[in-house]
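Here chain A shows up in two complexes: once beside chain B, once beside chain C.
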Partner chain A sequence: MLSYLLFIATIGGIYGLLALSLNLIWGGVGMVNLGLAGFFAVGAYASALLTTVGHAPIAAGWLMALVAGGFAGLVVTLSTTRLREDYLAIVTLGFAEAVRLVASNEIWLTRGTDGISGIPGPWKRALGPDFNGVYFLIVLLAVLVVFFVMRRIDRSPYGRVLRAIREDAQVAQVAGKPVLRFKTEAFVLSAAIAGLAGALYGHFTSYIAPDMFLPLITVYIFLAVASGGTGRPAGALVGAYMVMTLLESSRFFVEWIPGVTAVQRASLKELLIAVALIVVLRLKPSGVLPERVPPAPRPS
Partner chain B sequence: MTTIRIGRRAALAAGVAALASPAVVRAQADPIKLATLTPLTGAGGPYGPVMAKAAASVVEEVNKAGGVLGRRIVLVSEDDQTNPEAAVRAARKLIDVDKVAAIMGTWASSVTTAVAPLCWESKTFLCTVSGADSITLLPHQGFLIRTQPNSKLQVTRVGEFILSLGAKKAFTMIPQTPFTQSTFDVLNQVLPKGGCTHQSLIYDDKKTTYRTEVDQALRTSPDVLLANGYTPDTVVLLKDLYRAGFKGKILGFAYSINQKLVDQVGQPEVVEGVYTFAPSPAEGSGAFEKVKAGTGSANPDPYTCQVYDHTNLVLMAIANGKAATGEAIKDNIRKATVSGGKVVDNAVDGIKEIMAGGKVDYAGASGPCDFDEKGDILDCKFRYEQIKAGKFTLVKIA
Partner chain C sequence: MIILQALVNGIVSGTLLAVPAIGFTAMFAVLRFPNFSVSGVATLGAFAGYLAYGAGLQMAGSLAAAFAVAGVAGLAFDKVAHLPLIKQGALPAAIASIATGLILENFVRLGFGNEPRGYDRPIARDVFIGEIRVSPQQLETMGLALLLMLLVFAALAFTRIGKAMRASADNPELAALKGIRPERIATLASFVGMGLVGVGGMLLGLDSSIDPLTGTRILLSLFAAAVLGGLGSVPGAVLGAFLIGMAEELSVLVVGSQYRAAVGFIAILLVLTLRPRGLLGERAY
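After this line comes the complex of A and B, so read on.
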């Protein structure tokens, strides 16, 4: 049981990183990034390939995931500088699908739909059954570091500019803020975090395949950020764990319901998740931990 | 201030998860636990539910006859959602919380490849119906068997059947899957021997129309077209082929061209004359009749028959090994099909014979169930059908 809880807590932490990444870009700058699964995949593949084919140490793989995710983010922002809102959403969604298609068809590089198996985990052989525990601590550390960086940004003048751009990019531009630079930087940072999450995922489960990076994962993270609280790092993190808890605890709830078949149970599980999220958003429309905008410092 | 809040929320989340567990933890005290991990939702949705039912029917019979090693058997059925990410979470729950000895019935190849490492690392036995060649080549240390013939064997038979239809120009339309490359390799080898040329294209299985792909295929004027996708995309593909006025023969695998597809297409003329192909269950055998009775289905599909066999084989392996662990199953799974042993078609008779000190030779619903050292099935028959007036009619079993 403990090792299962640790497993779920670890996957929850990885969802948490994705939620922090999305919160920065969606909650912070107001750019809708539906391509989260794509950046997640880029990081996972970058690290998996570097450590399996390239035999590099795992830490190098993680670093590579950050760089590859960030680079993908840079390419996407620079090629979409004129797009806003719905249009950006469409292009980023297309980006994620393109990544998935490249991963399934460029067999020489990604081994296609067979996926990459045997991705090494840190000290996996030596740790044996304790691996889940140690890996949880690694992910927790990554989550905490990213969380504190996000909170620092959120409360700094930099974060205020991001929020200003979210509210009205034109006004921010008029106030002399280089909007494009801010947007690009935030997007690159967000994509790099998503890439890191992908790498952490791959080295944890030891196997990745294109089918793991379907848009469903982006939907889960949007649900997490929306129900946790858009625009507040703590909200995103809480939301991610909330979604993960719902996904997993619903397994056990439906086992208690007597007289239903396995299929009905599976459908009930999905229903339960949907209802719970609707209830949360009905009671707390701006999320469990709504955004708090600190007052700007007064000139003295 | 904010950090303290997280601590509380996280603790609450952990608390909820912990609260959900006691019933499960309590239940695992004595009985033997086995699991099915079949697709109850997603692309495999038409198959998974009946598969789980077949396994449940075996467990029920054995429990009625007193269980194995004097212990009752509990079957846990989880949904793999035909999605490797969800399947890994479900498998983790089965292995860590339910502590099952074996997981049976993984269907999609990507799901099996994702779940297999968790199984061999935790010494849990895995029985699968996935066909991709790469699966039995994984370093599974014996913790995996599959009752589905690998794609090389299957596609060779498909190629021979295409030739028997008198084809001169064959065309394959297939999405990118773990068996795509081996399908091309095998067909490019088999078809030219019979004087038939072969061309192919790979399509994206998430698209909503295949008009361009169909045009591209028809430009080569093929006389036989192999539609080698899953049900949702094949529905679209067949409609587009009909609209484009394709007059040649269409052939597909029965896992995608099934009754559900015929119902979804809704126009009998679209699917009229389409051939289907599948590893054949051992029709008429005692085990096959038991699958029919157990699932209440007049014409159980190969996967259902295979999961019936998984459950019987695993239970007899537990009896042979005198222990309900993945390791015991691994060491004894091949002892349920000893030639010269007493021929049985269900675990109840088999367990009785084993407990009396005898040897058994299990004759399964999907075939003889003999495995090589990699875990691949040795022998299998294939079933060819054709759709006539919306009904599947038997062409031959060979």
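After this line comes the complex of A and C, so read on.
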């Protein structure tokens, strides 16, 4: 039971990182990333390849995941930041599909749909059964670091500029803020965090395959941010654990329905998540922890 | 010769792709958000057509069934889930449409499972024109797709409601001043647009097989066709679909069939970098 709870808490923490990443751009700047699963995958693969094929230390893999995720974010934003917001939606959604395509087909590199197994976990052999506990603490540490960075951004002049761009990019531009630079920076940082989350995921499960990075993950994270509270880092974290709770309880719920096959159970679960997202967006778009905009300091 | 064959294949698949691309871009023009539930709607249309064809309807009748089921489902989701969110902006509606696409995909999976199914069409010998090979079925579906497109263009050009739709897409305020009721135009755009997407799902599934992910697989090509032609431009979507269809077939000769779908993504990035408004679109910022 304890190991099950630790497992849930760890995966929840990884979703929390993704939610913080999404919240930075969606809640912060009002940009969308419908390809979150793609950046998650880029980080997971970058770290897995560097540590298995490249025999690099795990910490180097995680660093690589940050860099790879950020670089992917840069590529995606370069062509779209000048454009209307819906173009970024299309490009990011396409990006996630393209990543899955490359991961399934570049067999020499990613071993295709077989996936990469044997991804090392930190001190896994020495820890034995305690591995899950220690790994949870590592993920918790990562979540806390990112959380405090996000909260710092939220309350800093930088965060105020981001929110100004969200409310009205034209006004921000007129006020002399380099809107494009802010948008690109925020998106790259957000994509880097998603990449890190992917690496933490891969080294925890020790196995990754293209099928683990379906658009469904993106829906989970949108549900997390929307239900927790868009624009508030704490809301993103709370939302991630709410989604995790919903996912796990729905698993017990669908197992309890008689006469359904495994495929039907899985699709019932996905249906439930999708319906939940629409209900939250329609009924409570501000989430359980609504955004609080701190007042700007007055010049003395 | 092999290049010519690839171009012919590209024209065939481009014609089929043009049908859902028109639907997607027309909905975007009127409703002003990218409706990502097209993946689920295309799958739903493919399965509705499959059931109708299995029940003994002819090809045209099955396509009509695909149109009707997809149109009604798409319209219902627009009314219940997407359009109420448009007040908050295009993005919340777009996000919700990912969720509705997922609902439709899993609805189909619940009923049919993941196994691929074929339409069981009569087998006919391929015909050769010179050294170019085409199958009679390809010609039939292509003809039906062309007929459908002709109908859409005629409706947009000559009928009252078609003109009203174009006016509303062009300038909603001005159209409303002229007495065009925006809700009616939105309803029509949802129904016809999604109907076309459903038909497109069936057309593209006819040659191979269909499963719950049929719609997801055509998503990149569909977006690429719409973006290349200019998001919101119906003639642009047709042109874009032909170009993407041909580029995909030609790419098979160069990089192999597994990267067909990547062509769409690369095309989207290139178009948005070099000419964001697309070939026939108006503006993109």
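Simple rule for what comes next: the second predicted complex is superposed on the first by the 265 of 300 C-alpha atoms of A that agree within 3 Å, B and C clash if a C-alpha of one lies under 4 Å from a C-alpha of the other, contacts with A are read in each partner's own complex, and residues count from 1 in each chain.
Here is the rule we go by: a contact is a pair of C-beta atoms (placed from the backbone, for glycine too) under 8 Å apart; a residue touches a chain by one contact, two chains touch by 3 or more.
Bear in mind the structure is a predicted one, so any value in this text is a computation, not a measurement.
In the superposition on chain A, A:Glu85 contacts chain C only, with no contact to chain B.
When the two structures are aligned on the shared chain, A:Glu270 is found in touch with chain B and with chain C. Contact with chain B, but none with chain C, is seen for A:Phe7 once the two complexes are overlaid on the shared chain. Residue contacts after overlaying the shared chain place A:Thr113 against chain B, while chain C stays out of touching range. After overlaying the two complexes on the shared chain, residue contacts for A:Leu101 are found with chain B and with chain C alike.
Applying the stated contact rule after C-alpha superposition, one finds that A:Gly27 touches neither chain B nor chain C.
Contacts of A:Arg251 after superposition: chain B is touched, whereas chain C is not reached. Of the two partner chains placed by superposition, only chain B is touched by A:Leu289; chain C is not. Contacts of A:Gly38 after superposition on the shared chain: neither chain B nor chain C is touched. Shared contact residues of chain A, touching chain B in one structure and chain C in the other: 97, 101, 104-105, 216, 261, 263, 267, 270.
Per the touch definition, chain A reaches chain C in the complex via residues 26, 30, 32, 34, 78-80, 82-87, 89-91, 93-95, 97-98, 101-102, 104-105, 215-216, 218-219, 222, 261, 263-264, 267-268, 270-271, 273-275, 277-278, 281-282, 285.
Every residue of chain B that touches chain A in the complex is listed here, in rising order: 2-3, 5-6, 9-10, 13-14, 16-18, 20-21, 23-25, 36, 40-41, 48-49, 52-53, 77-79, 81, 83-85, 88-90, 92-93, 95-97, 108-110, 113-114, 117-118, 132, 134, 138-139, 176-178, 180-181, 202, 204, 206.
Those residues of chain A lying in contact with chain B across their complex are 1-5, 7-9, 11-12, 97, 101, 104-105, 107, 112-115, 117-118, 151, 205-207, 209, 211-212, 214, 216-217, 234, 237-238, 241-242, 244-245, 247-249, 251-253, 255-256, 261-263, 265-267, 269-270, 288-289. Touching chain A in their complex are the following residues of chain C: 28, 33-34, 36, 81, 84-85, 88-92, 94-96, 98-100, 102-103, 105-107, 109-110, 113-114, 212, 216, 219-220, 223-224, 227, 231, 258-259, 261-262, 264-265, 268-269, 272-273, 276, 284-285.
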